[in-house]
Every structure is written in C-alpha cells, then in structure tokens.
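Reading through the structure tokens given below for one structure.
Going by the order they are written in, the chains are A, B, C, D and E; count residues from 1 in each one.
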Amino acid sequence: MQGLIDRLTALLNDGTVARVLGWKKGDMPYNPEPAIFNSAEELKDFVYDGFCGANLSKMMIEATKLEGKTAVCLKPCDTYSFNQLIREHRVNRDNAYIIGVGCRGKLDIEKIKKDAKGITEISGTELDGQEKVTIKTIYGDKEINYTDALLGRCHVCKGKEHMIADETWGESKDTADQERFEEVQKLEAMTAEERFEFFKNELSKCIRCNACRNVCPACSCRKCVFDNTKFDAQQKANVDSFEEKMFHIIRAFHVAGRCTDCGECSRVCPEGIPLHLFNRKFIKDIDKYYGEFQAGKDPEAQSPLTDFTFEDIEPGERG
Amino acid sequence: MTKQEIEKNVELIREISGCDPYKCMRCGKCSGSCPSFNEMDIKPHQFASYIINGNVEELVSSKSLWKCLSCFACIERCPRNVEPGKLIDAARQLVERERGGDHLQAEDIPELLNEDVPQQLLVSAYRRYRR
Amino acid sequence: MSVNENGEFRPLIVAFCCNWCSYAGADLAGSSRLSYPADVKIIRVPCSGRVNPMFILRAFERGADGVIICGCHPGDCHYSTGNYYARRRMTLLFSMLDYIGVENGRTRVEWCSAAEGAKFSKTMNEFCEKIASLGKNVRLGDLRCKD
Amino acid sequence: MQRIGVFVCHCGSNIAATVDVKKVVELVRYEPGVVFADDYMYMCSEAGQEKIIEAIKENKLTGLVICSCSPRMHEKTFRACAEKAGLNPYMVEIANIREQCSWIHKDREEATEKAVILARAAIAKVNLNTPLQEGESPVIKRALVIGGGIAGIQTALDIADAGYPVDIVEREPSIGGRMSQFDKTFPTLDCASCILTPKMVEVNQHPNITLYTYSEVEGVAGYVGNFEVQIKKKARSVDMAACTGCGECQAKCPLGKMGKIPSEFDRGLKNRPAIYMPFAQAVPAVPVIDRENCTYFKTGKCGVCAKICPSKAINYEQEDEIVTEKYGAIVVATGFDIINLDKYGEYAYNESPDVITSIELERLMNAAGPTGGHLERMSDHKQPKDIVFIQCVGSRCDDEKGKPYCSKVCCMYTAKHAMLIKDHWPDTNVTVFYIDVRTPGKNFDEFYRRAVEQYHVNYIKGQVGKVIPQPDGSLMVQGVDLLDNKQIMKKTDMVVLAAAIEPNKGVRKIATMLTASIDNNDFLTEAHAKLRPVESPTAGIFLSGMAQGPKDIPETVSQAGAAAVKVVGLLAKDKLKTNPCTAKCDPMFCNGCSTCANVCPYGAITYEDQLVRGPGVNETRRVAIVNNALCQGCGACTTACPSGAMDLQGFSNRQITTEVDAICQ
Amino acid sequence: MYKISLKDLDTLFREIAGNNELILPVKKAGQINFGAYEEGVETDLINKSVKSPKDAFFPQFETLYNVKKTITPADELADGEEAANTKIRTKLSIEMEGLKDKDFVIFGMRACDVKGVEVLDNVFLSDPVDSFYKARRDHGIIVALACKEPEESCFCTVFGVDPADPTKAKADVATWIVGEDLYWKAVTEKGEKLTESVKSALTDADEAAVESEKANITSIMDKLPNTKLSLEGWGAGKTDEKFNSELWGKIYNPCLGCGTCTFVCPTCQCYDIKDYTTKDGIQRYRCWDSCMYSDFTLMAGGQNRTSQLQRFRQRFMHKLVYYPDRYDGMFSCVGCGRCVDKCPQSLNIVKVIKAFDKEEKGGAV
C-alpha cells in the first residue's frame, strides 16, 4: 500500500493530477470511506485494503468536472463502470487519471460480523496479505479464510484485467469460483409460485432507502424518474405490494444493457436483499437472446436495448 | 329426425371432420377430381350444402357414403379447405357410432369386413377411435 | 377488475395500440362489427416504441389484470424501427415479470396491421379468455386499489 | 385547472343504439375539470360544430373531449372547430366510443360503462394537455415514382404535365411493365403496345421527367416534403449517351444464337442474347449486358459486342452507381406478378409445356412474340384445335392454399383470349371452366356475352380437378359441370391457367424503406379504404396501380391520375405544417447520455453544451436538443430515456400514465 | 422480579399474543427486523435489528384518511335544484382512518430504542398532538431487553443511555437474558398489568443474577471504541458556529444521498403526506421521508436544500444542535449505531463528531 501512496504522492507533487480519489482510513478496522485527497499531506490517511469495495467510478462524474485531473483508483471490475460512463458522456476522460489497482477480491463485513462481534482489530486484509484474516474482538479472537469472507460479487469475478487504465498498481487475482448465472438459473428452475414467494419475502424487507439506486454507477441520472414529476411515480411509501417490485424492476430495467454487474446494489443494501438477481436476470436474457454482451467492456459497443435485429425473438417466447 | 337431432348431427359432423361447410364456394373442384363421381348419387360438391341445409338423413342414407374411396383427392385440392372427403367420412362415423361401434378394436375388424365397406373407412375409423 | 352481478369475473385489460396500425385495426374491427369483450380499453400511442415499461407496470399497480401492446408488424413500423426496440424491451420485461413469479400470459405483444381488423378482434378475444382463465390479478395489484 | 367541455355524439343511431348517451353525459359531468357536458345527434355536422363553438365561448372552455367516432375519422374536424372558436386545436381529445365501443358491443349497459371509462381517460388526458403550435417545413418540389409500368408512367406524366419534375425508378432495363407484354386489351380489343408505346416515348422526351431504368431504390430517409432517396443505378455496361440503339450488339452476341438464356419479357418462351433490349420498343432503347450470363464477364473472353459497336458504347468497366436525390413526394407503382404455380401439381403446369399461363398466352398471341403471333403448342409447334381455360387458379383460396382474394382481371382477359382465338381460328374449340364470371365494369358483361353468343365459347360452371398429360401429347382434363351435375373427361390440346396475381415481390422491401404499411397479401394499405384510396397512411407516400390491389388498365390509369393529383397538391404547397407532437427535452433532467439519439430513426437529436440554470443548478453541461422539423413524434427516445427528461408533446408520460389511471380506476 | 427459561420463551410469547398483538425481533430472509409474532416465527434477541422498532409507533406508511366523492342521483334532487349543476350534486365526505384502539406489546426493544421513543414523544406529543402517534403510544406496552452482546458500533452511553438497565429508560417492563433464563421486571403500571396477565408462564426470581449481568454489560460497554465519544461543542445554541463550519464541505462528499441512515434510525421523525387516487376519491397517507433525499420538502419553486452538502449538514445539525435547541438540550441521537453499521459509504454520525472534535483540537482531518 505504501507503494501506491508513494506513487499517488508523486503524481500530486509533479502536478500530473490535482487530486486523488481513493479511500480514507475509517474509525474502525473495516470502514474506510471514499474520499478526495487534495494534497500529499492528506494522503497519510489513504488506505487500500480488503474493505475498499466501493466502486469509485460514479464519484468521477462530479470529480471530472473540477479543474485539473483527478487520479482515481479503480479495481478491475470498477473499470467496466468507468467505461460505461465514458460511453454515456457522463465523465470527462480527459480529466481522469486512472490507476488500475490490483484486487484479490473484496471482503463482506457482514459475513465477518456473523460470528465476530465487538471487533477491535482486523489484520491480513491488505492486497499482499495472508490467506487468513485475523479478527480481534472484545469477545475473543477469530480467524476466517479470506476467500470465505468475500463479497458475493467476487465469487463471479469478471477477471483481473483492467478495461481502462493509465497505469496499474499491484497484482490482481481472478476470484471467480461460481457460475455467474447459477443463482438466476436456480430461481428460473423454481415454479412461478416459489419464485413469487422468494421475491415477496426478500422485497418485503425493502425500506425504500434508495441506497441500491444511489450507489449504482449506471443509475447516474441527475434526477431519477422516481424522484421527478415526469411520471407521477414519486412515491416513498413501502407497502407490502407491487409498489416496491415496480421500483426494483424499473431500477433494473433502466440499467439493462448498461449494468456492468458490479454488484454494488447488493453490497450496500441494508436489508441484505440480493438485488443483483434482477440485474443479472436481464444480463442473462440479453446474452441469451441478443448475443453475449458485457457492458463497459467496449465503450464503442451499441447497447442491446438501443439496437435490434430483424430476427429478434418475440416477447413471451422462450428461446 | 327431429330438428334437435339434425342440429346435433350437423354439429357432430363439423366436430368430427374439423371442417367448416360454410366455407364452400361451390367451385366443384372436388367433383372435378373425384374418381367415384359417377357412382355417387350425391356428388362431392353437394356434401357441404346437404350439411348446411340439414339434410343429414339423406346424406347418411345415400350411396355416396359408402362410395367415397377416401382417396383424399378432394381434400388435397379443395381451395377453401372445406374438404368434402372429411365431411363424408364424418357422416360415416356418425353411422358407425350409431351402430354401436364406439370403440373399435383391431380384433373386431375381420368381422366388420364386407364388400360395401371400403377398407379406408375401417382404417380411418380405427385411427379415430383409438385416439 | 370487476365482478358483475352474476359474480362473474370481468377482467380489466389495457391495450396500448399504435396509432398507425393496430389502433386503425381496432377501428376496422369496429366498422366490420367484429366484437370483442368490453373489458378491453384501448390507449392510443404513436408507436409501440412509445410504450414505456413504466406504463405497463403502472397499469398492473392500479389493478389491471392484463396488458397487451399492439404494434406494427416487424418491418412495417411507421417510424421504421420503433417496434424493434419495443420488441426487445417487452421481451426483457415479460421475462422479468415471469421471473418474479407473475403469471405468464398477463402480458402480450401482438403485431397487428391497419388491415387486420379480424386479427385484432381475434387477438382481443383470445387475450380476454386467457386473462379470465388466469383470474384476478392478485400478485401485481397495489393493495390500495383493492375493491 | 382546465375548463373542459365534453360532447357526446349519437352518430345517429350508430352510437346511441348501444350506448346510453344521456347517461354518459350525466356521468362525465362530475369528472375533474369538466364544466360543461352535452350530447348531440351528429357532432361532426355543421350544427354540431356550431354547438361546440358556442359552448366554448359561453363557458370559456379551455379543453374539449369529443366522444364520437375514431380520431382517425374526425380529429381534424374537431380540431379545426376548436380553432374557429379561438381554442388551440391540440386542446382537443377524442374518446372513440363508436369503432371501439358501440359498434363492437351489444350489451347496452356494458357499452355505456365502457364509453364512460373511455371518456374519463380522455378527460384525464385533456387536463394535462398544453397548447401546441404547428411548425413549418419546406417542400421539395420533385416527385419520385417507383415503378415504370402503366401506373408509374401515367402518374409521372400527369405530375410532369402539371409542371413538377419527376423521376421514375424502374428495375428492368426498360419501362413499360406488364402492359408492354400484353397483346390486346379488353373490352375494346385495342392493341396494347399501340396505346402504351406513345406514352413511353412521351415519358422519355418529357423535359420534366428523369428516367432511372435498370435501377433500384436502395434507401429512403426523411419525411413528407423532404425525402432523401438513394437510387442504385445498376451497371448497364452500355454508355447510355453514346448508344444509338442500333441493335447490332444483340444481333451479334454469340449467346443469342446458342439460345440458352430465357427471355424474361417473353416469360421464358423464347431466348435472348446476353446483351439485350427486352423488346423492340424498349425505352430507353439502350441494351444492357446480363453480367451473370455474359461470357466476357464469366471468363474474360469474347468481347464481341464491344468490337462491333459502331458508337463504342460498350463499357465493361461500368460500376453500380448510387444517386442521392431529394423528393417531396413518393408514388409506389411497383405493380404485380403472377403467383408461382408449383403448389398446384394437379394442373400439370410443370409437367407439360402445353399447360401455360394467361400471360404466356399473351406472348404467344402477340405478333412480336416468340411465335410471331402464331398460336401454337410449345411441345410440337402445332396449332391447338381444342383449348381449355381454367379460372381461379390460386385465387379465392383459403390462406395456405393460395390467395384469398379475387384477382379481378382474369374473367375479362379470358373472355378476351377466347374471343381472339375464335376470331383468328374459328375452328378452334374453346372451353372455359369457371366458378363465377365476374364482369362488373363498363361494357364488361356485354364483352363476355359476346364471347358466348357471338363466338360460341363453351363456358362450363365447374372446376377442373386434374389435368393429365397423355402419351399422345394431348391433355386429359377431368372436371365437373355443376349445372349438369356431370363429371367431364375431356381431351384437349392446350390448357391455359388464369393464375392469381400477387404484388411484385420487391414491394415488401420498398414498403419497409418507406415505412408504408402492407396487408397480409403484401398489397399496400390505403390511408382509408374508401376516402383516401391512393394515399398510404404514411404522409407523402402515394399508391398507384396493382401495388395497391388487383385492378385493370382503365382503373390503373385513373388511380395513377388520382395519385398524381395528390402529389401535385402536395408539391404545390411551399411549406407544410409539421406535427407539433414532437419530442422535447427537459435540460434540468437530461443526462446527456446519448441513449435517445441512438434510437432516433430521424437523426433529430443532437447534443449541445448548454448553460442549465435552476434550483441548485448553474452549470454548462451536455444536453439533448430535438430538431422539431426532423422529429416525427414516434416517442422512441422517450422510452429509451431513463430519467424521463425526454417527453413527447401530446403523448406525454404523465398524459399516458393518467389515462392508465383513469382506465384502471 | 420474575424469570422464565429461554427454552420456554415461546410459551410466554404465545401467552402475550393470546391477549394482545405482539411485536418482536423476527428473522426473515436472513435479516432481523421487528415484526408481528406468528406461530413458529424465528426470533433473535441477541443481535441488533436492521431497522429500529419505531414503526410500532410511527409506521413507515399509514393512511390518514380517505376522501370520498358521491353524486346525488338526478331523481333525488330537491325541487328547484338543476340537474346540470354539478356543484350542488357533488358531495365530498372524509372518512378518518381509525386510531389504534387495542393494546399491543412490543418485546425486545433495547434501552437505546426506548430512548428513541422518548425523542419521538417530544415531537409528536407536544402541541399539536399527533393523534395517530398518541393512540399507538397509549396502547403500546414496551418490554425492553438489556443488551446481551453490545457491538462495536454501539455508543448509547454517550447519550446517557444505560444498555444494562432498561428500567432507567421509559420501558413498561425490563428484561435481561442471564444464562439460560430471561429475567422480567415490571416497571410501570402498564407493565404490572401485562405481568399479571402472563404470570402463569413466569416464576419468581431474585435480582442478584441480574445485578451481575448489569455489571458485565457495563464493563463490555467500557471496552467498546465509540463509547468515549466527546459531545463537547455540540448541543443547544451552537447553530452559527457549527452551521458555518467549512468542515462539512470536506466530509460530506462520499454521501450517496440515500435514506439508509434515516430509515434505520430510531429517532428520525420526518414524513411526507401524499395523495393516492382511488376509484371514488383520494386516499391521503403519510410515509417516512428522508432529509437526505433531493426531493425532501420540495416546493413548487424548487428551492429546497439543493445540494447534498446542505442535506448532509441538515441531518447532523438536526440531531446534535437544532433538536437540543428545541428540547432542553436533549440530543436526538441515542447511539444505537445502526447508521454506523448500515451506511453504504461508511459515513456516520460518529465520524462526523470525531471529525469536528479533531478539527477543533487542531490538526487536519
């Protein structure tokens, strides 16, 4: 990590960049927050470890509007989002200096907390850290395999390549050990009643906090349809009904063909709803019906929903 | 036959044959194709109108009923998909069913064979009943 | 949704019809007196590509039992491509509705030209039957729209 | 808040018989925004409109809902009516309670209830309507006619005579179309080429007409008044300017003598060289090289034509050329062909050369045809003594068996053929198997009766079931005489099939490019079957000839003239009012993401860095701009836009949502 | 003081649920939230619920009233009343939504949650009294539970909450889990009444075990990192000083503007009132709103808080300055730590307080 800080310091000092967008040490061992560093001095609080899961691409929308270049640390999967934002003219590439940081998968604190309460110290989460993560708590010490504590999305890792970067730092690891569409397939294999129960159960927890939407790098609308008056759809009520399903379907639909499957929605949901199951269903359908497509891989590629062929499958048909 | 019986039979013929006699435009292509035309008292192109007009009794007691070879020439060529061959076959089914041959078994066939019954009929009856 | 005095279920069906084809098709069905159930209520849109998935979900939220989108046959779009985009959108949306466990068949897309009055009527009759067989839209209605 | 007036039309008894009009008035009165509601016998009548105007003035109405027939019928009428009373015409909405309610429902209560709901949806929408202003777009004063048959020729001549430049695109090397293949025409028995050729020549010489023969339309962009069309001029391999049409080349082409390439013009009854003019009177009188068959193009050897051409017009290097031209109006006159007869094995068309189609008979009887006008059997070149005509081959069939429609012209041309044969060769025995003889038209039935009464043509009501070629070269026809209730087995020398006609295969591609709609049978759809029969529903596209439906020559010519008048009417305008129901972007919400531009079929959306100011916003950013002259109001962009920044005026998101709500209440 | 074996808790719940509606921490789809008791429901009394139990008194969504429109039929009109006059024939009637009129028990609230209710009381029970809230408060019986395993995000002691002793909070009954038993002590009259009704399930117990458990909890709290937080510089009268601080601009940046913190918070009390069109009228309902949302308090002119910086500042100023200003120095944070746990960007009130502390004591942030 010191190497990265040194490099960032150099970039700031030689004027290549005016600021750095990275992660700042938290007040607990596991809660670093995204932050902008304006000087080499401020960089002393910079951190990059297994808890830096946040995808910083979306913050570049505002950051690249600022004077001068902003250096941003992007993990391999974050670069897909950044590419997608370039395609949609949402970030100014000229004002971005991308450091492709290495990644060996990011940690899910909820998984760690499951049997570790009162955490005071965690070690072994650095990029070059150990296979095991050691957790000290006021109730005693715990140990967990790094791979067992990974975020769900890391199990379907898109690979260790950065799709876009001005320079890279650190080694990456492809942490995929699951089929990407396994969960979706499992649901598809259920009966309609079972599926309805599953989603009803999960979505009944939704508190309409909009964290999934606000964190999503594809949901970058200046003002969401659910917040503006254009559709008369701005409702904050969560009633045990279709309403939040409608919200989640539209949320996923609006990013269909643009969603890079970065998994931020599921990561941030305070109620642990597997929101990526909506997005990934669309991705699976798109792949199946219109040919494989990975948003953010190629910033020039036409999105499947703004494209068509004459022979497309008819709605309702199962291909 | 009472009016209800006639209606029932007409409906039955339509159901068994799956054909709509009202589609017939009286072009006569069926009669122009039929190898048994001269043997028949009611000609193929008349089948539809007999059914439409409810003259089922005449139709089922006609010679034509047993003269149709089920060669399917009319079915093949009918431009309107009225398919007189299927209509007459359905009329025959009507008779066969009334004779109580509701569930025709393979072993019953030899008994039923006689000169007047075309083999085709047995085959098609067999096929239909075993479905 | 409504239930008439005989206690018979009468579905509520919203049909989004493209102004250039199926809306005219519906007119033709009308002038040819090809009837279909009064349960179908048509909303005129300039193109099937104008139909936002939000409209469909909104209809369900407000208590519709079925939603059908009618547009020009592929290749015949008045605006050349609108129905192609609609086709992709609706394919994905319908698949998603199926995925979350909504009965298959509450949604439908039909391509129906201005000349196909008979097809329009036939489609609507079929769709009404289908929805009637599926019954009341329980899974999709907003609770507040309950009678 | 709007002040809405609701007007419910009885339409005589058309609506009032099934819908309780009074009850509708009574119920819609309480809808939000409604301040006035009334009914009238005929809302569209002068008196009805007066009533509306009066109500607007008296009640200071700001919006109207007319519950009546389809908006496709009278929306314009009521908009004009509103305008007369000083109201913006786009403050009018129609609730379609006739076509979509009273005409299809029988139960009065049910129909009334639905009418109220439809009215409610329209009222909810009007509450959100805003006045819209029509824009203007210039009209390019040039027309395009696709197809150079008699329909296209007549349309082009009429437009050109009115003083407007017009281009004809014809796929074949010469204009003339089907009519040039005919021998005589019914019911006057004029020689087809005698009346067609002068028109072809006139087209060629007309200063306002440009001919693109051996050319195809490749792409169409734009909209009424402003089409941009790409025309592919296929390489002719002959320099049009240099060629004198002397015909030396086709006479000397080695392939002509070997005779292996069937002549399309003579329906394969004769062969042609690789460099050829389809027929002697071809316009332009310039041959083309059929590159697929030409020895030079296949092997690089030969080159006879280039060597002997006195004016050095042969150019093997010529390439396809794309010409882009702008037009204000386009006429589709792509004509027809006859169906493929492979499906009808019973007529032995593919088995015996003596079973021919009527159009082949036309060539056989034509003095310029393969036999020099001598009627002979293709098998043994003997003159047939007995001829059987079979009607309705593939016409009037159930869907999968053929065409469901009547081809309309067969009865008449068969009578013509029968008569001509009897006239030339009175000994010939002519039999016609028919289902019905259809002769509506001036002097048509008289014509048919002449065939029977004067020429004793044997008309048999009944169809032929099978044609069986005999070992002796004759044909056995098995048919029926329905009136005698007898089956007929008849030996004959020649069988002529009245094959169903169908729209030219190419029309599908053209219709797609023009976004003109076609019906199940690929005939182009009219804007209104009765009232706008020569217009396509797509503005600026007009229909002429068989492309729209089966018709004979006089009908084709009159339709061609009608289409020309519509075109001239359009071109005579300097500016067109544009549809104000265009997309509009709200820069406050626009992300500048380009998604909308990706789906816009008209390229109407561009992006601009714009200063956006609003609550909490004061920055220059990329936003979408809609060009109102280009936007046609399809709304594809509005659905693609994730934030709802892009909206369609007249069909806005909130308007549609509110309609949904009103219906689902 | 009574006790009941943890094994027999379900008997107790069934007993309570037999008489009253019972709300308790329920685990559903992997998450703990307060929910209604049902036979066979999975409860979790050790871990913190995602959402606070404030729904029990102030639900996320509730109908206030319905407006119905009725039209007098033409034949029922009085003489002289014109049929075309829509005004005299349209009648609007308002149907109030019924107030809570049955007692209910909310089991397993923590001391911090109970304190949170106190914060809400200040707002909803002061003039003008919110009748919906009051009815729920009047009928709600709070059975509080001492924290068995406080977590590192907990800092309730900073706000004077004692997680070891719910009797100090405004609970009706206080309970503790000690060993294999749940200890039960009625605090208020309501609590006594409830205890009486479930007495058959309880056995007498002495307080010694509870006392040692209290000491244990207190010692755990001492070891937790956030319990030493200093509130110096916050509270009533600090508006100018804090509002104008430039620090906000430096720390708000990662905030997503989602409503997670406000919706899991036991003290956030902002709501929005909206209308929903029904078949024959309007349903007026209220639902939680979040000051973090861009459309919070949006007016026709569009001039609400227009930047996330303003919104971010508002939330903490409200908790730590405005509320104390209004209610005798009482903070409207109870240190439950839910926002600390759930913020997607790891921002939270603790970090804000620490940042100000650090800045005021000098040195960069």
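Worth a mention:
In this text, a residue touches a chain if its C-beta (ideal position, glycine included) is under 8 Å from a C-beta of that chain, and two chains touch if they have at least 3 such contacts.
Quick caveat: nothing in here was measured; it's all calculated off a predicted structure.
As a matter of contact connectivity, taking chain C out of the picture leaves the rest undivided, in one piece. Fewest steps needed to get from chain B to chain C, stepping only to touching chains, is 2. In terms of C-beta pairs in contact, the better-connected of the chain pairs B-D and A-E is A-E. In this view the innermost chain, defined by its CA centroid being closest to the centroid of all protein CA atoms, is C. Of all chains, the one whose Cα centroid sits at the greatest distance from that of chain A is B. Once the centre of each chain is set as its mean CA position, chain A and chain E turn out to be 30 Å apart.
Remark: chain C and chain D have CA centroids separated by 29 Å (rounded to whole angstrom).
Centres computed as Cα averages put chain A at a distance of 37 Å from chain C. Centre-to-centre spacing of chain A and chain D amounts to 54 Å, using the average Cα coordinate of each chain.
Chain E has residues 278-279 in contact with two or more other chains.
In chain A, the positions touching at least two other chains are 223, 225, 228, 231, 233, 239, 305-307.
The multi-chain contact residues of chain C, meaning those touching 2 or more other chains, are 52-54, 58, 75, 81, 85, 89, 144-145. Put simply, chain A touches chain D in their complex at residues 65, 87-90, 220-225, 228-233, 254-255, 302-303, 305-307.
Residue ranges of chain E in contact with chain D, taken from their complex: 69, 71, 74, 83-84, 86, 89-90, 277-279, 301-304, 306-307. Residue ranges of chain D in contact with chain C, taken from their complex: 70-73, 96, 98-101, 103-107, 110-111, 113-114, 117-118, 121, 508, 511-512, 515, 517-520, 525, 537-538, 581, 599, 601-602, 632-636, 638-640, 648, 651, 653, 656-657, 659-661, 663-665.
Chain A makes touch with chain E in their complex at residues 26-28, 31-36, 41-42, 54, 59, 117-120, 137-139, 201-202, 204-205, 207-211, 213-215, 223, 227-228, 234-239, 267-268, 270-273. Considering their complex, residues 26, 29-30, 34, 614-617, 661, 665 of chain D touch chain E.
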